[in-house]
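Take a look at the structure set out below.
Per-chain numbering from 1; labels A, B, C and D assigned in written order.
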Amino acid sequence: MSFNSFSEFLSMGGHGLYVWLSYALGLSVILLNLAAPLMERSRLIAQLKRRLQRENQSP
Amino acid sequence: MSQAMLKVENLFCERDDRVLFDQLSFDVDSGEIVQIEGANGSGKTTLLRILSGLSRNYEGDIYWQGEPVDRVRDEFRSELLYFGHQPGVKALLTPEENLHWYCALHASLDPARVQEALEQVGLRGFEDVPCHTLSAGQHRRVSLARLYLSDARLWILDEPFTAIDKRGVAAKEALIGRHVARGGSVILTTHQDLQGSGAVRSINLDRQGERG
Amino acid sequence: MVEKKKWLPRWFYQLASPRWCFQICGKLLPGFSVAALVLLLGGMVWALLFAPADYQQGNSFRIIYLHVPSAILAQSCYMLMAVAGAIGLIWKMKVADMVAKSCAPIGATMAVLALLTGAIWGKPTWGSWWVWDARLTSMLILLFLYLGVMALNSAIESESTAAQASAVLSLVGLVNIPIIKYSVEWWNTLHQPATFKLTERPAMPADMWVPLLVMVVGFYCFFAVTLMLRLRNEILRRERRSGWVRDLLLSK
Amino acid sequence: MNQQLGASRRPDIGMGALFAATLKRDLKLSLRRKSELVNPLIFFLMVITLFPLGVSPEPGFLAELAPGVIWVAALLATLLSMDSLFRTDFDDGSLEQLLLSPQPLMLVVVAKVLAHWMLTGLALTLVAPLISVMLFLPAEGVPGLMLSLLLGTPTLSLVGAIGAALTVGLKRGGVLISLLVLPLYIPVLIFGTGAVQAAVTGLPLGGYLALLGALLALGIVLAPLAIGAALRISVSG
């Protein structure tokens, strides 16, 4: 462990803003990259289903 | 030679979410005229572009004299004359300059015959005026002069008779007839009935679309 | 396909089948997800808590554990995109086209992340948010290349034409990347003396580079997950008219 | 008229003739449309004029800025003219005829790019001394400027043509081309301005010119391949 206390861990030797900003950005980019295709998937499936129903109604 | 000149097998093509044709198969033999029919938007132009090798968004096989067309691309191209929607005529160049460049693209054509071809389409005296000063019909005739120059065996003509007067149409039909008599083949689309060009086989794309 | 190339292994043809690819991605997804989660979480904890601080840069050095993996991923993702595009062009393989298309947005976001973390690291180190450092500049240009491919892909309506055109562009980009990198590095040495760099450092101790390695592998696993998610969407969309997609939809 | 069909094939003849014919045709076409011919030049001059107005007219400062400004302006002027390279041919159907020719497509493509370069890159190179006077570039830098432009602008045309070929089927390709092509222009820009700066400070030019030449050689070998493939793809769509 490189830190003695939690507040020291948060401040990161004065560079806390930069380190935590980076990790927040990193996490959000990763989560965004997972959320986007998952949302796209549910949207796509709903759209394709509607389409299929439309086609079945009017063959 | 029993082999068909052009053989199409199981052609499939879709555009904008719509199947234009599916499992389309036909042969074109030498000495044949094949007319592609169908309503507007049925894929006539698309089919001609696929056959000529311009469009590659299709599935299926096309054979030129028994060989897959992709393997004999250069031979195929030197035996092909394609006449599309856009006539391929530069408005800033004169009819003569336009045809000379066409001859440069097809090394087998003799530039010395350009004058003769222009005379045949009735553009004598217009050889050296820029094409943009010509009428729409004359403009198109510059492109049609290629038919008189050509020694290609397969002609693919997309609406060759638009903006051409009656007498011109008769002359073009006679030309097509002569081409076929020499052993060439023609695949074309037209809104007019063909007369006096011998036997015309037609392929209708409308029924294709329903099946697909 | 006009002729089948006999010398290619069988899995290549199986991969060429969208349906098979969709299923295999579905099977691989859980494993990769778990691996990515474990490696990324473990790596981050290790990087933030246990890795030693750099004697020159202090704790801002911990940004490297995000910056380097994202930069590496941004580059390899471009490579994959171009290679997949080439396979799609040569063998008319639909799945390869879809892989190439799915790669672009992931790679672009990775390039953005590498740029942002680089800029944030620059503030305490160089004293400004942006320095025309060779690596950052090349990464910016890589981002432009990604944006170009994506813009071209979305501008062309026909799906197969868009895929082919993007493939040509990404191949042109692939040839250019080494040239761009070389020229930028050379320009950089010409214009400013080399200050100390974010990455190139002699003999990093093991307790610094092991967590870095964990993060790099974790990022690759994460990349595999998000690529497969996107690929499955793309397969569904492009194969919407085929029977198996219809059956799949009806069963849901 | 009555000759046997396909009788007198003369393949492989007329490749040089085709190259010359295409070059002549494209030059003729540009010369008959005078406004388009001078537009890139006027654009070049105007961009140059903006810098003293926008930054500072102070000679020493401008002299320092000159290599970069001239190169960036040349780059943008080339880019501006790029869109029309295949556009008119696409619109009137000439491009279709070109693609259906049994002759090698690359030959025609290189001829077209050469014609384009002669009327943009070469023209820009020739007016560059005038511009360098306006921007107070020291006289020692002028040969370096002209040589670097002479070697660099053909590469710009070749790479730009790839972008033009990729976007020729699109209605609004103009802005997109810049997005696709500008990142690829960066090495030429770096080595080009490097050459001019070296010339100004009296350093040897050879290395820079060799690099620009290497880029050009690579471009001549690879770009026509990409342009040809891109044209077939664009027309196919």
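Worth pointing out:
Throughout what follows, a contact is a pair of C-beta atoms (placed from the backbone, for glycine too) under 8 Å apart; a residue touches a chain by one contact, two chains touch by 3 or more.
In this text the structure is predicted, and so the values were computed from the model without any measurement.
Central chain assignment: D. Criterion: smallest distance from chain C-alpha mean to the mean of all protein C-alpha atoms. Contact count check for C-D and A-C (C-beta pairs in contact): higher for A-C.
Chain centres here are Cα means. That of chain C falls 32 Å from that of chain D.
Rounded to whole angstrom units, the spacing between the C-alpha centres of chain A and chain D is 44. Chain A and chain C, compared by their mean Cα positions, are separated by 16 Å. If you average the CA atoms of chain B and of chain D, the two centres end up 35 Å from each other.
Contact with two or more other chains is made by residues 157-158, 160-161 of chain C. Under the contact definition stated at the top, the residues of chain B that touch 2 or more other chains are 57.
Touching chain pairs in this entry, ordered by label, are A-C, B-C, B-D, C-D. Those residues of chain C lying in contact with chain D across their complex are 89, 141, 144-145, 147-148, 151-152, 155-158, 160-162, 164-165, 168-169, 171-173, 175-176, 179-180, 182-184, 186-187, 190. The part of chain A that touches chain C in the complex is made up of residues 1-3, 9, 12-16, 18-19, 21-23, 25-26, 29-30, 32-34, 36-38, 40-41, 44-45, 48-49, 51-52. Partner chain D is touched in their complex by these residues of chain B: 52-57, 74-75, 77-80, 82, 84-93, 97, 100-102, 104-108, 130, 148, 151-153, 182-184. Of all residues in chain C, those touching chain B in their complex are 2-3, 157-158, 160-161.
Taken in their complex, chain D has these residues touching chain C: 159, 162, 166-167, 169-170, 176, 179-180, 182-184, 186-187, 190-191, 194, 215, 218, 222, 226, 229-230, 233-234, 236-237.
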